[in-house]
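Below you'll find a set of structures to go through.
Next come two complexes built around chain A: one with chain B, the other with chain C.
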Partner chain A sequence: MSRAALLVLADGRFPAGGHAHSGGAEAAVRAGRITGAASLEDFCRGRLHTTGLVSASLAAAAALGADPVTLDAAADARTPSSALRAVARRLGRQLMRAARATWPSGELDSLAREFPKGAHQPVVLGLVARAAGLGAQDAAYCAAYESVSGPATAVVRLLSLDPFDASAVLARLAPELDLVADRAGEAARRVPSDGIEALPAVSAPLLEITAEDHATWPVRLFAS
Partner chain B sequence: MHLDHTHDGPTAVSADAHRPDGRRRALRIGLGGPVGSGKTATVAGLCRALRDELSLAVVTNDIYTREDAEFLLREAVLPPERITAVETGACPHTAIRDDISANLEAVEDLEDEIGPLDLILVESGGDNLTATFSKGLVDAQIFVIDVAGGDDIPRKGGPGVTTADLLVVNKTDLAPYVGSDLARMAADARAQRAELPVVFQSLRTRAGVGEVAGWVRAQLAAWTA
Partner chain C sequence: MKSRVDGVTTGVRATARIVARDDGRGGTSLPVLAGEGPLALRRTRATGDEARVMLVGAMSGPLGGDHLTVEADVGGGALLHVGSAAATLALPGQAKGEARYDVRLEVAAGGELRWLPEQLISARGSELYVSSRIDLARGARLVYREEQVLGRAGEEPGRLTSRLTVRLAGRPLLDQETACGPGAPGGWDGPAVLAGHRALGQLLVVRPEFTEFPAGARMLGERAALTPLAGPAVLVTAVAPDALRLRRVLDEALAAVL
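Up next is the complex of A and B:
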């Protein structure tokens, strides 16, 4: 295992399609809920402890070898918005493409065959971590970090926010990222004994509702 | 062109010349260039010129709308199922160069859903002079500039002007009205591009339209040879 593989996978420039998505930030900016660094931090904190925790747990469980088909169904059940389910599968498919070229693996090939139009992105992420020789905690960290780095980068473009302020928001969230990755790892380790219900099922209703609305906008900068 | 770029094993990698079922995939040609230079109109012109002899499809990469795709739909240059729009998160050059995953998905879906295609045109959203397509996404690229954008653009160069497989200088009919010197543009382009071809095009007078289509036919002939 190479520690540095984690940097390759977590790099925002890893070509897996994330750049076109704002994680709900575009809708929140339009609604006036994100207006600067402080409200971006609130938004990211909320997303981290809901969507972020769920994604991190799914990724960690996949990295530990839980059945990806079961995990994919669990991800569906934890994503009420059909627009967000479609986004998660599209991003899963894009990550799959990038990862199969980067870390070729039989497990990724069979998941790609099982889900030609894409499995949920966190499930794919967990298997990618395995293929890259990384552990469950690493997969959880990647998912948790993505849940906040996506909106932070998007808000730099949406509000012309000072990019240093956006980076400082992410740095201030770091201790909570540790906490979420730990909780996700613990939950994933309980799956073999307690079943898939051991994974958290928290959600952020406003993110689900605004995603449905955002998907109908005729003019938008981000796909979600 | 990278005609024989193949990989071993089941991994579907972007530049593979063959699809998983072993058939040769469609030739992919990218069209890039600054905002308003006439990329979408050039795509429409190519569709009209080639649609009766080839099976073709178009992927657009708009900056923040679906306007380019909708223009092509409105003009009815192709049936709607042959036109797909990719959303780029406000960054077309990222989607055509740095992270091509969404575009590859779009070209793959078109070939899966429509059946064998000869040619897919991938249009970038309007961008700057450094925007070029990844070799993992397209086999050849056309850079479209126009005379009204300033006749010094060929002299300024940049990766689009100097390295594109074909440079199209569009809207030549406007040259007298905007004071652009076509001879100077041609000389500067030659200096920047050495042997690489340049076509001066006017979609209004039809000058050069046939040449662009002819260049595409030659690319396709080399691809299928």
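Up next is the complex of A and C:
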């Protein structure tokens, strides 16, 4: 398969439902913690090195063929917020639906049977990368990029931020994306020898806390 | 204890160990209560069926290069409460490299551990890696609090990395790491992670009854949330401007949950 499959999978227009989520940015905007491009960058950088790294590692491990049920339990343990676990499973289910139509695969079929309500999105993403003929590093890049592209796009809508500024934020984060994707790939390759705890578990306390609050807002622009 | 190899100070290595067992008369006995070096243990007045142990820091630390370990093993029918006499202060040391603090806790079915130590304070220039591993049997009960304070009043923090891994019946229940201070990955003090808050804490309550009666998620003020985990447990995650306000939130949560 071709590397271009990565572009299809990472494209924001791939119909996997990600556009409805701000990755915690909506709550941060409301709290006055994101007010422009500089604070958006700081937000994205923090998200990248915490949930971004964790997601990228899970995706890379799934792409390498680690047991998805074990990975899903590891994702649960790394996602204390019940609101964020629900979001991760919903996004996993939506990605599964789009991916099975795009890259039909027996592994995706069996994961869908195992988790009818959806597995954690990064685990699905890793298996989708496998189905698309991509490697662990590709899966890690995809997850790491999603961890920052979602908030950046959302803040364009939430703050009427100039889209050029949002893209510049993502471009400035590119070297750190490389770093995170590398770390994720290394951690995933250690799973067969060191077990599932080789995967990073870095958390972002404010994302966990504000997700529970955001889930109760009666009116909001984004689902999370 | 402190050792000197080829003229290089290597720091303190010390292990404290507590074993709690059902004494067969409705109380808890402590067949092992062994401190070492800077980790001294005192049995204090107990109430009801619990045994109460106080971790007393005989010197300040951990310092750079130190490796301290605290272990507790709680058997079925035993109830152990562990506190500490004062906050733990991570300081830079003469020895090279980071300090390590390992916590290893095990609770058997029908046993209960209440692990409620004082704060861990990361002082300027210190480098500490904390690894806490908790292994629970199905039917074990746990109340576990940890609080991290970044710097003494008005002080820049040191580098503090802390990973908490909790397993229930061999399966992961909670796995969380925080990394703060100079040299931590970018954005640690930004709007997604701490946003300038200087105290962060977690309160974990594991109880078999949550299987049948799961708790609902709720906010505890603006900076703390209680959430059910994917298992018979709830976790309170809180950030605060300082240690005092953090403790207030966690105390309220503890009172509400217990």
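A few points about this structure:
Keep in mind that, in the parts below, the second predicted complex is superposed on the first by the 224 of 224 C-alpha atoms of A that agree within 3 Å, B and C clash if a C-alpha of one lies under 4 Å from a C-alpha of the other, contacts with A are read in each partner's own complex, and residues count from 1 in each chain.
Criterion: a residue touches a chain if its C-beta (ideal position, glycine included) is under 8 Å from a C-beta of that chain, and two chains touch if they have at least 3 such contacts.
Because the structure is predicted, anything quoted here is derived from the model rather than measured.
Of the two partner chains, chain C is the only one that A:46 touches; chain B does not reach it. In the superposed model, A:176 makes contact with chain C only, not with chain B.
Of the two partner chains placed by superposition, only chain C is touched by A:85; chain B is not. By the document's definition of touching, of the two partners only chain C reaches A:206; chain B does not. In the superposed pair of complexes, A:190 makes contact with neither chain B nor chain C. Using the contact criterion defined above for the overlaid structures, shared-chain residue A:30 touches neither chain B nor chain C, since it reaches no partner.
Between chain B and chain C, more residues of chain A are touched by C.
Common to the chain B-facing and chain C-facing surfaces of chain A is no residue whatsoever. Chain B contributes residues 9-14, 63-66, 87-91, 94-95, 98-102, 104-105 to its touches with chain A in the complex.
Contact residues of chain A toward chain C in the complex are 24, 28, 33-34, 39, 42-50, 53, 73-74, 76-78, 80-83, 85, 176, 196-197, 200-209, 211-213, 215-216.
Partner chain A is touched in their complex by these residues of chain C: 163, 165-166, 171-179, 185-188, 190-195, 197, 200, 217-219, 222-230, 235, 237-239. On the side of chain A, the complex with chain B involves touching residues 13, 15-22, 90, 93-95, 97-98, 100-101, 104, 109, 112, 154, 157, 218-223.
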